[in-house]
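Read through the structures below before going on.
Each of the two complexes below includes subunit A, the first together with subunit B, the second together with subunit C.
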Partner chain A sequence: MKRVGLPLALLALLLGVWELYVDLGGADPVILPPPHDVLKSLVDDRGLLWSNFLVSAREVVLGIVLAVMVALLLAIAIHFSATLRRAAYPLLIASQTIPFPMLAPLLVLWLGFGIAPKLVVIAIVSFFPIVVTTFAALEAVDRDLLKLMRTFDASRGRTFWHVELPSALPGVFTGTKVAVVVAVIGAVFAELAGANSGLGYLFQQAEANLLIPRAYAAVVILSLFAIVLFALLTIAEHRVLPWAYQSRGDVAQ
Partner chain B sequence: MKRCLSACAALALATVALAACGEKAEVTTGSAGAGQPLRLMLDWVPNADHVGIYQGLSEGDFAQAGLAVRVQVPSDPATPLELVAAGKVDAAISYEPELMLARNRGLPLVAIAAIVQRPLTSIISLGSNRIAQPRDLPGKTVGDAGIAYQHAYLQTILARAGVSTDKVKEVNVGANLVPAMLSRRVDATLGGYWNYEAIQLAQRGKRPNVIRMDEVGVPAYDELVLVVRRDTLANRSDELHRFVQAMARGYKSVRRDPTAAVDTLVRANPGLDRKLQLASVRATLGAFFPSAPGKPWGWQDPARWTAYGAWMLAHRLITNPNAAADASTNQLLAGQGV
Partner chain C sequence: MIEAPVKEPRDLLERDTVTLEVVSRKYGELAALAGVSLRVRAQETVAVVGPSGCGKTTLLELICGLQRPDCGCVTAAPAALMPQRDLLLPWLGALDNAALALRARGVSREQARATAQPWLARFGLDGFEHTRPAALSGGMRQRVSFLRTLLAGKPVLALDEPFAALDAITRAEMQSWLAHVLEREPRTVVLVTHDVEEAVILADRVVVFSPRPGRVLADIAVPLPRPRRRVDPAVVELRERALHALGVPS
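Take a look at the complex of A and B:
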C-alpha cells in the first residue's frame, strides 16, 4: 500500500499546488489550464483522444517491435564477431547523438507520410538501450554452463540457442523497458513531422486552436501509455523468465 | 530450460506476426500515395482558410472533376514548398512571400490561384495595451516569429508612420505569438492573423487590437496561394484546370452557406474548435474572393504581384528579379484560358 500510496499523495500535492497557482492568478488559465480543466478535457474529448491514441499506440508498438528485432540482430552480430564489435560499437553510440526531432521531418521528406517514417524514427530512438543490455547479457553468460556445453561437444549454434540466448533474455527485457519510454516521445516527434492523426497530431491541432487543456490531456494519455507499457513488460518478464528471478545473482547482471 | 525455449519461440513468433502486419500497413499507405491521386499539402493544420477544400471534398466537386484529392498536413509552414518542389506532393498551399523566397532559391514553382486574396498578417495587441495604430508603438516590445520579411513589414510600417525603428524592441517568440501576449512578455505581436489569432483572443474575452498590414503601408499581397511545380503546370494543365475549378466551386458553396461549410470542416477534422472556425470563416468570406468586379475565384492581380515583388527586391529579401516575375498565373481560372 505504501508503495502506491506515497507517490499518489505526492502527485495529489503537486496537482493541488498547480491548481492553486492558476486559481490565484499566477498564470493566465488560457495558456496554463488548471488540472480540473485537463480532467474535464479527458472526459469531454474522450472519443477524439481514444481514436487518436489508437493511431499512436499502433506506431509505438510496431516501432518497438522493429527496434527489438534490429537490436537483437545487432547484439548477436557483435557478440559473435569481435571485428564487427570494434567497427560497429562506436557508430552505435554515435547514433545516439542524432538530434531526432530535427531528423524526423527529413525522414518524412524521404519516406513520405505513411507509417514508415514514424516506425523508423521510433526504432532509431529506442533500439540503442536494447542493443546495449542484450549484448551485455550475452557477454555475461555463466562460464560454467559454457564449459558444460563444451563437455557435451555441443555445436556453436546449439550453445547459442540453449545457453546464450536464454541468458540474454533478461537483458532484452531490461533494454525494452527503457526503450518504450523513449519510443512514446519518438512517436510524438514523428507525428509532429507530418501526420493526419495520432496524439502528437491532436496535440498540434489543439495548440493551434488554443484548446490547451486538450493538449495537456494528450500529454497525460501518452505518459500513462508509457507507464502501462513499462508495467506490462515487467509482468511479462516475470511470467516468461521466472528463473531469472530465482537465481538472480548469476544470470541477470 | 524447456519453458524458456517455448517462451523464446513465442516471442519470436509474436515478433514476426506483428512485423508482418506492420509491413502490410506500410505497403498500403505507400502504394496509395504513389498512384493517381492528386496530393495537396496544406500550409498548416486544417483551419477556416481551408474550408472550401473540405467543402469541395464533401460535396464531391473534386470527384466529379475526375480527381481523387488527398489532403496532407505539413510539419510546419516552411515545408510545403520544399515538398512540392521535391515532387512529394503535387500541389501545396503557401504564402505569396514564401513563394517569392522559394523562387529566389531557384525552386521552379508557380502560383495558380489565390485562396486568400489579401494579407491576413497583423499586428495584434491585447486590449490593455491600446496599440491601435503604428504611432502607438514607440517604447513597446513586439514579438514575431523571426521571419525576415515580417521584420521588413515592421520597418516599412514604422518608416511610413515616421517612427524611429530603434524606439521599438523586436523579439523572436517563435510560434508562440498568443502565449507571449497572454503572459505579457511582449506588448504586441506581428505575424498573427486577423482572421485567426485575433478571433481566438476575442472569444476568450481578451479584446485584441488589430492593425492589418495592407492598411499601414505594406503592399497588398495574397496571403494564401495554391502552388505547383512549373513542369506540373505544363504537363498536367488539364488536370490542374479541373482541380482549380473544383476548388472554386467549394469556396462558392462556402459563400452560399458558411454554417454548413463549417460543419463539414469540423466533421472532417474533429479536433477543431467549431466556434472559432465559424467566426473565422465568417470573417474571411470576403477575402476568399477578388474585390475587383468581374474577376474569377482565385484571381491574382498581376499589378499587385509586381508591386509586392518590387518591395521584396527593394528590401533585399530577394535578389533575383526573376523570382518575382511570372510568379503567378491566372491561366487556369474560369474565363482566363490561354
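Take a look at the complex of A and C:
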C-alpha cells in the first residue's frame, strides 16, 4: 500500500500547489491551465483523445516490436562474432549521439507521412538499451556452465539454445522496459515532424489553437501510456520468468 | 584397393582409463601443475586431495579435454564433469536439469525425459520432477547435478569437490549415497576433494597433492571393503597417513 500510496500522495500535493498557484493569480489560466481544466478536457475531449491515442499506441507497440527484433538479432550477432562486435559496438554507441528530434523530419521527408517513418524513429531511439542489456546478459553466462556443456559434447548452437538464450531473457525484459519509456517520446517526435493523426499531432494542433488544456491532456495520456506499458512488461516478466525472481532457499528437505 | 583399417580389440580395462604422464600446466607465470603423473584404471575411484589452489580443478579440466597441458601427455577416455557448484539451470525443473546432458547432444525432449525419469526415482527425487533448483535442498541439487553428469554417458566421471558446499550432515549422507550409486553403476571416477575423510571413505586410492604447483606427494591404496565407516580403525589410520602426507601434524 505504501508503495503506491506515498507517490500518489506526493503527486496530489504537487497538483494542489499547481492548482493554488494558478487560482491565486500566479499565471494566466489560458497559458497555464489549472489541473481541473486539464481534467475537464480529458473528459470533454475523450472521443478525440481516444482516437488519436489509438494511432500513437499502434505506432509505439509496433515500433517496440521492431526494436526488440532488431536488438535481439544484433545482440546475438555481436555475441557470436568478435569481429562484428569490434566493428559494430562503437557504431552502436555512436548512434545514440544522433539528435533524434532533427533526424525525425529528415526521415519523414524520405519515407513520407505514413507509419513507416514513425516506426523507424521509435525503433532507432529504443533498440539501444535492449541490445546493451541482452548482450550483457549473454556475456554474463557462467563460464563454468559453458565448460560443462562442452564436456556434454554440446554444439555451439545447442549451448546457445539450452543455456545462453534462456539466461539472456531477463536482460531482454530489462532493456525493453527502458525502451518503452523512450519509445513514447520517439513517437511524439516522429508525429511532430509530420503526421495527420496521433496524440503528438493533436498536441501540435491544440497548442497552435491555444487549446492549452487539451495539449496538457495529450501529455498526461502519453505519460500514463508509458507507465502502463512499463507495468504490463513487469507483470509479464514475473509471469514468464518466475525463476529470475526466486532466491535460492532450502525449501524442500 | 583400399583395405578397411584393422580395428584393434580394446577391452574394457584398456578403454576406460585416465593416464597423465609428467603433465605440467602454467597460467602465465603461475604454475598450476608441475610434472604430475597419474594412472586411473577402469572403474577405479581415485580421490585427489590437496590444499586449496594445488591445481585440482586444472587436473579435472585436463582430463575432460577442456585444457591442454603445456608439456606431458594426457590420455583419457571421454569424461563428464560434475562442477563444484551445482550449476543447475534455474528455469528448469529437476527432471529437465538432469536431462540436460542428453539434450546437449540432440536427444529430443520426450526421449531425454523418458531416459531421466526412472533415474530420478532411484535418486530419491520422485515428486520433484518439475521443482526448480531454487526450491530444492542442497543435497537434492547435488544429486540432480550428479545425475546430469551420469546421464552424459561418459565412462569417466570428473567430480570437482561435489559436496564441499553442503552442511556436515548432508555431506555425510551424500558420501554414503555416492558410494552406493558407484557400486551399482561403476565408472572410472576422479574425485577431487579437500576432505581427506571423504577421500578414504569413497576411493580405491588417495593421491595427495602438494601446494601450488601441484605435484603428487603420496599415492595411498585403500584396500578396504565397502561400505566403510569413518570410525573404522583402518579408515582412521589411512586418513592419518594421508593427512601426514599433506604435512598436517597428528
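Simple rule for what comes next: the second predicted complex is superposed on the first by the 246 of 253 C-alpha atoms of A that agree within 3 Å, B and C clash if a C-alpha of one lies under 4 Å from a C-alpha of the other, contacts with A are read in each partner's own complex, and residues count from 1 in each chain.
The rule is short, and it goes like this: contacts are C-beta pairs under 8 Å (C-beta built on N, C-alpha and C of every residue); 3 or more make two chains touch, one makes a residue touch a chain.
All of these numbers come straight from a predicted model, not from anything done at the bench.
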{"item": "Touched partner set for A:30, first subunit B, second subunit C, both or neither", "value": "first"}
{"item": "Touching partner for A:241 - first (subunit B), second (subunit C), both, neither", "value": "both"}
{"item": "Subunit B versus subunit C as contact partner of A:196, first or second or both or neither", "value": "first"}
{"item": "Which of subunit B and subunit C A:149 touches, first, second, both or neither", "value": "second"}
{"item": "First, second, both or neither for A:106, with subunit B first and subunit C second", "value": "neither"}
{"item": "Comparison of subunit B and subunit C by subunit A residues contacted", "value": "B"}
{"item": "Touching partner for A:211 - first (subunit B), second (subunit C), both, neither", "value": "first"}
{"item": "Partner chain(s) touched by A:162 [first = subunit B, second = subunit C, both, neither]", "value": "both"}
{"item": "Intersection of subunit A interface sets (partners subunit B, subunit C)", "value": "162, 166, 241, 243"}
{"item": "Touching residues on subunit C, where the partner in the complex is subunit A", "value": "61, 64-66, 79-81, 83, 85, 87, 89-91, 100-101, 103-106, 128, 131-138, 140, 152, 154, 158"}
{"item": "Touching residues on subunit B, where the partner in the complex is subunit A", "value": "1, 3-5, 7-8, 11, 15, 18-19, 21-22, 25-26, 29-30, 33, 44-47, 71-76, 79, 82-83, 86, 88, 178-179, 182-183, 200, 204, 206, 269-273, 276"}
{"item": "For the subunit A and subunit B complex, residues of the former touching the latter", "value": "27-28, 30-31, 47-48, 52, 61-62, 65-66, 68-69, 104-105, 108-109, 112-116, 119, 162, 165-166, 169, 192-196, 201-202, 204-206, 208-211, 214, 240-243"}
{"item": "Residue ranges of subunit A in contact with subunit C within the complex", "value": "142, 144-145, 147-155, 158-159, 162-163, 166, 241, 243-244, 246-253"}
